[in-house]
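A, B and C are the chain letters, set down in written order, and residue numbers restart from 1 in every chain.
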Amino acid sequence: MSGDVVLRAEDIHKSYGKLQVLKGVTFEIRKGETKVIAGPSGAGKSTLLRCLNLLTMPDKGRVWLEDIELTDPKVDINKMRQKIGFVFQEFNLFHHLTALENVMIGLTKVKKMPKEEALRSAKEALLTVHITEDLWHKYPAQLSGGQKQRVAIARALAMDPVIILYDEPTSALDPQLVGEVLQVMKELARKGVTGLVVTHEIGFALEVADEIMFMYDGKILEKGPPKEVVFNPKHEVTKKFFEKIGRLYGERR
Amino acid sequence: MNINIEALLPYFPYIIEGALWTFALVGGGLGLGFIIGLPIAIGQVYGGRIIKTILDVYVWFFRGVPLLVLLFLFYWGVFPAMGFKLSALVTSMIVLGLRSGAYQSQIFRGAIQSVEEGQMLAARSIGMTKTQAIIHIVLPQALRIAIPGWTNEYAILLKDSAICFALGVMEILTRTRYVAISTGIYFIPYLFAGILFIILTYGGTKIFNIIYEKVQIPGLVKGGM
Amino acid sequence: MSFWEEFLPALFSGVITTLKLLAIAMPVSVALGILLGTARVYGGRVARVLATAIVVIFRGFPLMVTLLILFFGLADFGIYLTPYWAAVIGFILCSGSYQSEYVRGAIRSIDIGQSLAARALGMTKMQEVLYIILPQAIRRALPGISNELIYMIKYSSLAFVVGVPEMFSVAKTFNSQWFMPIEIFMTLAVIYLAMTTAATVGFKWLESKLRIPGIEITTR
């Protein structure tokens, strides 16, 4: 098992005051897989993702990255985070750095790469997400939403992570910009980059995901291959959700 | 250092009494500053080019020249030249007022400008003249918005009043200086004065904050900064 | 006029003294302001309490009082500062405290996403503050900081009270000898106006140079 499994979560619980958001979530994801987490708002999807790299501390439960238990207090979490890429809904590009500098800063300051090497890796990552040279020296405020998010993906990619976590990466984008970001994510998935994506974009899941996990009320209600879960779900709740989404977003994109 | 705190005790009330002069300075400064500052602000927002230029020069002058220089300039120079024999206290109050007016005008200008344009448009559309709109619609909102900035001006004036000791006004610092020189003990009197200023600043600010809360319009999004 | 022949050179040396005061006090006060502001947001218990105490005291005391305590008050304890150093230290403590408020506000105004992204990359807290937060916060605090530095130019006149032979004290001395207050103090006023106006223009230029392209930074 451990040779193949990249990320494993066991019995994750999280409450905010009286509100219990995660009520015991367990799953694992293997190298090369792309998994999608879908579900209604408030089901705890974003919270779960942030618990995986400990940006949010779970109240209970454990997380493993390959062989190392992240939730072990003795572990150097900063070092571990270098191996987990995180893409935020609001992009969170560093305002005061150009696109190129945004991608480089993790390499130079955190991984302590020499500048030339970092420059090369950064440029490579940017080209992978189709950000061309004319945009490299622009600041985030000068980029469109779709460009910002692709730079954010490049920033995560450049660190050479073993998995990339995407937290609703297209939810903050204008509709006409969603496609370019999904395109990049699909290409990465097909290349074998391990990914865990929280999203409403069911078309994406149907196209490239190995598994969809439907989250409801703080737990994974059901999971399986996308075509099964979306079109032939076992639970009534799941059925209702995907019907609504289907009407809202259209069947295929 | 040999401190004889006992010897100092009778002097503390003397120093505290200076607060009366201090508040005269602050009150005069704030009051005169308000009377000057508000019209300047209105002129800078709604006035024509010539008026704006004149007002800009006034503000530039009274914000750009140090208080100390203004005090000496007016006390020894300008007022006597105009034929006035004004006391140090009155001169100081006037100078503080002229200067505060320049600073307050910027506070009010910011507040007026942060009242949404739609308010003025709506007022005009029901037939109000520009003047009526300013008085009945813009100012009531702007004055509320200006309170925090104005409270800050109070704190600044309170501390600047100490500079008037250079003209011999019998406020807190002048008295403290006399006490220190008479007793030969310097640290404690000045420390006492400093703490007194902190208390007066804090107390006054608290009062203004309470007023600010009391006059809040429910639901109004606090405009401006 | 023999008056001007004597006054102007003396005034000039006063100007030089003023500039000498500002040359040290300005940069060090900015450094102190950044230090105190950062300490109050990120520091441990001790650092935070200490920084807050400093800020409360030196913002609360009138600058005059601070100067008098440094020069006369410390003498009670056997610490004898020269007029120059009493003035410079006083300016640094006072202005630095005011500036720290701008820095503190600027740090807190930076959206939390920046911090999340930094940590997600694996940065330590110190790396996050040094490379991501402070570069943005200092830019945002710049209007406030420049404002305080321009105040310092004007308040440098207070140094006369501890005996520093800066511009104002020269003018005051001349006035008691020659008694030509309008000429003397208007000339002084003009010099201060020139200095503050030049500084205002200079800082606006600096702000535009450091501005992050694309972002509209609203200045007060």
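FYI, a residue touches a chain if its C-beta (ideal position, glycine included) is under 8 Å from a C-beta of that chain, and two chains touch if they have at least 3 such contacts.
Just so it is clear, the structure is predicted and the values come from calculations on it, not from any experiment.
Inter-chain contacts peak for the pair B-C. Most remote chain with respect to chain C, judged by CA-atom centres, is A. Of all the chains shown, the one with its CA centroid nearest the global CA centroid is C. Centre-to-centre, using mean CA coordinates, chain A is 46 Å away from chain C. Centres computed as Cα averages put chain B at a distance of 21 Å from chain C.
One inter-chain figure worth recording: chain A and chain B are separated by 55 Å, centre to centre, where each centre is the mean of the chain's CA atoms.
Shared contact sites, meaning residues of chain A that touch two or more other chains, are absent. In chain C, no residue touches at least two other chains.
Across the interface of their complex, chain A is touched by residues 113-114, 116-124, 127, 131-132, 135-136, 139, 212-215 of chain C.
Across the interface of their complex, chain C is touched by residues 53, 55, 78-82, 84-86, 88, 90-96, 105-106, 109-110, 138-142, 155-156, 159 of chain A.
On chain B, the positions that touch chain C within their shared complex are 1, 3, 60-61, 63-70, 72-73, 76-78, 81, 110, 158-163, 165-166, 173, 176-177, 180, 185-188, 190-191, 193-194, 197-198, 201-202, 225.
By the touch criterion given at the top, residues 56-57, 60-66, 68-69, 72-78, 154-158, 160-161, 168, 171-172, 175, 179, 181-182, 185-186, 188-189, 192-193, 196-197, 220 of chain C touch chain B in their complex.
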